[in-house]
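Just below is one structure, and these are the notes that go with it.
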Amino acid sequence: MISAFEAVLFAFVLTTAVATALLRDILAVIVVFAAYSLGMALFYAFLLAPDVAMTEAAIGAGVTTLLLLLALVKTSRPDLETRFERPNVSALVVFGALFLVLASTLSEFPAVGSAEAPIWDNPAVTQYYIENAYADTHVENAVTAVLAGYRGFDTFGEAVVVFAAGIATLTVLHREVFTRE
Amino acid sequence: MVDVQSVAVIVLVGLGLFFTFVSTAGVLRLPDVYSRAHTASQADTLGAGFTLAAVALALGLETGSYKTVLLLFFIFVTNPTAAHAISRAAEEDGIEPWTTDDDRTDEELYRDSKVETDGGENE
Amino acid sequence: MSSADGGPLGDAGSTYIESQIIMVTVRVIAPFAFTYGLFLMFHGSGSPGGSFQGGAIIGATVLMIAFAFGIEPTRDWIRNRTVVALAAGGVTAFALVGLVPILLGGNFLEYERYKTELGIEAKYGLEAIEIAGVAPIVAGVIVGLFFLLAAGAMQVSVSEEVSSDE
Amino acid sequence: MSDNRLLVPVATSSTVRQTVEYAVRTALDGEGDGYVRFVYVHSPEVSDDRLDDQRESDVETISELLDRITVWAEEDAGDHAGELTVETDQIGANRYLFSPSDVGAALAETAAENDIGRVVLDPEYDPGVGSPLLRPLEVELTRLTEIPVEEAPVQRQVRRRPLVLRSSPLQAGTLVFVSFVFYQILGGTFDAFDLVTGAVSATIVGVSLARITFNHDPSIAWLGRLLRMVIYVPYLFVEIIKANVQVAAVILDPRLPIDPRLTQVNAAVWGSVPVTTLANSITLTPGTLTVRVEGRTLTVHTLVAGPREGLFDGGLERAVRFVFYGRSAMNMPTPRERGDTEVLQQPEDADTPTEEAVEADGGDQQ
Amino acid sequence: MIPDSGDLVTDVFLIAAALFMLLAVAMFYRAVKGPTTQDRVLAVNVLGTNTVVILALLGAALGEPSLLDIALVYALLNFLMSVAISKFTVEQGGVL
């Protein structure tokens, strides 16, 4: 049952990804990319990573499309003769080679959710968090405990990065918008 | 083994699947964006409605099933709005609805409607 | 599209009317979306999601309102000052929560100090950076980006229209 | 019929000032003395929030508006004030002008009486129906008269209302309550943490969004509507299932026997929330799709004959009236009987299937 | 982690989810084909509804009620894209 769903979901994500890469009309790409985001959210949800799925849902459904659209308004959307991008042969070759290299490692991966996965029985990290997260922080969601507690300093850095990136973009845009005249 | 609840759940899921199938067939078969929007609303209403009802029934009386009802409520409020926004934009764009005496093809309808040309499908 | 004798902003043609259907739907949905964003923000410790997602949804609520009622009125409603205050305040709050333990003789973000020195559970330290730190930063940056992108959009689209007429 | 005799229908709008200026300039441009007649067209708008006692204050506002326009026109004429005659008028106060065609006919009549050479329209012109009916009005005028119709070139605006408005405690309170209940359903535990954070969130939501969610103070009548809404939902559901089966049969039929038509219905509901409820119910019902809403005129695309007849029979409309105005409002004639239905576009070789389609002149629209 | 139980309802939900996914792939053809942007948006909007349904099915089948929270995000925000793009297609964003 599960493998049937997995297979179709995989086909869906793959189709949407290829369509996103190949369509020429940028507006169509934005729309199709939203479908890709839906597929990815399902993927994360299916792999029981609800935190990530939730992020994908909140950002993919609400924010990405809108910001991309506004960016498209600022630039131009050329009239197109063809529907699909003509793939670049050399890029395809590189892609194929990379794909083969990465695919060769696939057979060595543990099955999804397998208890033998190295990350799972790593006593120094994963097991430690699982065993001690609640006792240390009294927070039920271990992801939050890790993010805000164990590696809180990292998270602080990330938050500042988001802030700094936001400020930097705002500065650039502000200059463009208000010094145009 | 198979109790009444399971049967009800399976029937509801089956109905939901059927209407979503009809809707997908409609979106693929129908000639223009307006008619497609009609059957898109089938997936939104009965397809989602029956399936979410099945989920709520399977979950029983707990937080999860209340959330399912909320899901249905939000879908019923937002999706017609989305369909309206789309068809309204189509109308603002000058896409004329297809009628039975209309023998234009899909691509021609599109070409009539808008400045961009989008011809070559022969990639 | 734009008529010949238009003013500097062109187009004496048809006025685009905001659709009342979209407005009414947004009026109904926005409070729920906002509540849900806040819910996620507060429940980062116990259920999936958290302040980042909550902040994103709060940002999306503002975007929703902007699309239904128009970007300019929304910008007047939420002033730029508020947006900047949100983002900067988030970073400040995060840093403060981290720095207070140093004042109490510990390390940066050492929540244990809150417990030993002030009697506050470590849990609330985590909650504090989630709620007061990350969520406002995310919401503020999203809304700010959106407003500035949109402000550029209005002007550029006009100048493009003019140039395409020539 | 001279070119510098102008007829300008006016109403309170954000661009009326610019329209007046343009009209005056145009009138003075031609040879001889200019003449501008500003008319206010009364509309029969009976929205749920505008009651009879407000009518009188309306009358005052109208004459104030017309006086102001006269002053503006004289100001714009400047030195040439002597060459310009400005008259103001109100029409339709004692007549029932219901649709764009009625308004158009009334305007054409006035134009004929006053030897008008040109009609200038304010792009934002709206005789109180909630959204501009400019386009249909323009079509009607060109159909009824020979007089050229033009739009005043005002700065293009998107119709908006400001968001910064005060909210009343009642509105905020209602929203806080709704938000709090929603929060508790999401939480599902009712523990102290949920109650406290829920109260905080609900307060934030209530204070910040109250004015966006509510146009008016919620009242007791509101509760009644909510209760009737509960009765409405199963009815809507039955309608949806019926329409779904009809449409499913058509789509699964290999011949795909669809018969799409664009139709127009003047719904007998008023106010944006009822109209939206109706429009969204129509869209939710497969086979009918609301394309455009202007005031209470719905442009509906219909896919097959069954749901189209259902639309013209006005079952949903009656149900929405029941929800918002109570049982007594249910017994109105159906849209078909009122003559409020129109098929805008149909195949050229089609026989007019029902008598209400006689009005329709298919090629007129676009 | 994933219960591969023989429970009938669970199996039905998973099969249904797979079939919904299959219909989503078919629907995606319309999103690629178009021809108009409105067609694409329409198709993706239906995909959004499908996603909500699939998430609910998965949540029930895998015993993960938290997936319903994700579905809720989509139910609340899915129409935003349709509204935004449909306003964008009118006059190339001039009415935003």
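Each chain carries a letter (A, B, C, D and E) given by its place in the written order, and its residues are counted from 1.
Throughout what follows, contacts are C-beta pairs under 8 Å (C-beta built on N, C-alpha and C of every residue); 3 or more make two chains touch, one makes a residue touch a chain.
Every value quoted in this text rests on a predicted model; they were computed, and no experiment measured them.
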**Asked** Which chains are shared contacts of chain D and chain E?
**Response** B, C
**Request:** Report back the single chain whose CA centre is most distant from the CA centre of chain A.
**Result:** D
**Message:** Suppose each chain is reduced to the average of its Cα coordinates; what separation in Å results between chain B and chain C?
**Reply:** 31
**Asked** Quick one: chain B and chain D, Cα centre-to-centre, how many Å?
**Response** 28
**Complete:** Note: chain E sits from chain B at a C-alpha centroid distance in Å of 10
**Message:** Among all residues of chain A, which ones touch two or more of the remaining chains?
**Reply:** 50, 53-54, 57-58, 61-62, 66, 70, 73, 83
**Message:** Which positions in chain C are in touch with at least two other chains?
**Reply:** 11, 16, 19, 21-22, 25, 28-29, 32, 36, 40, 47-49, 53, 57, 60, 63-64, 67, 150, 153, 157, 160
**Message:** Residues touching two or more other chains, restricted to chain E: which are they?
**Reply:** 34, 41, 43, 66, 69-70, 72-73, 76-80, 83-85, 87, 89-90, 92-93, 95-96
**Prompt:** Along chain C, where are the residues that touch chain B in the complex?
**Reply:** 16, 19, 21-22, 25, 28-29, 32
**Message:** Going by the contact rule set out above, which residues of chain B touch chain C in the complex?
**Reply:** 74, 77-78, 81, 84-85, 88, 92
**Message:** Under the stated contact criterion, what part of chain E meets chain C in this complex?
**Reply:** 66, 69-70, 72-73, 76-77, 79-80, 83-84, 87, 90-96
**Prompt:** Within the complex, which stretch of chain C touches chain D?
**Reply:** 3, 5-7, 9-21, 23-28, 30-32, 34-36, 38-39, 42-43, 65, 69-70, 72-74, 76-77
**Request:** State the interface residues of chain E toward chain A in the complex, per the touch definition above.
**Result:** 1-2, 4, 10-11, 14-15, 17-18, 21-22, 24-25, 28, 31-32, 34, 37, 40-41, 43-44, 47-48, 51, 54-55, 58, 62, 64, 66-67, 69-70, 73-74, 77-78, 80-81, 84-85, 88-89, 92-93, 96
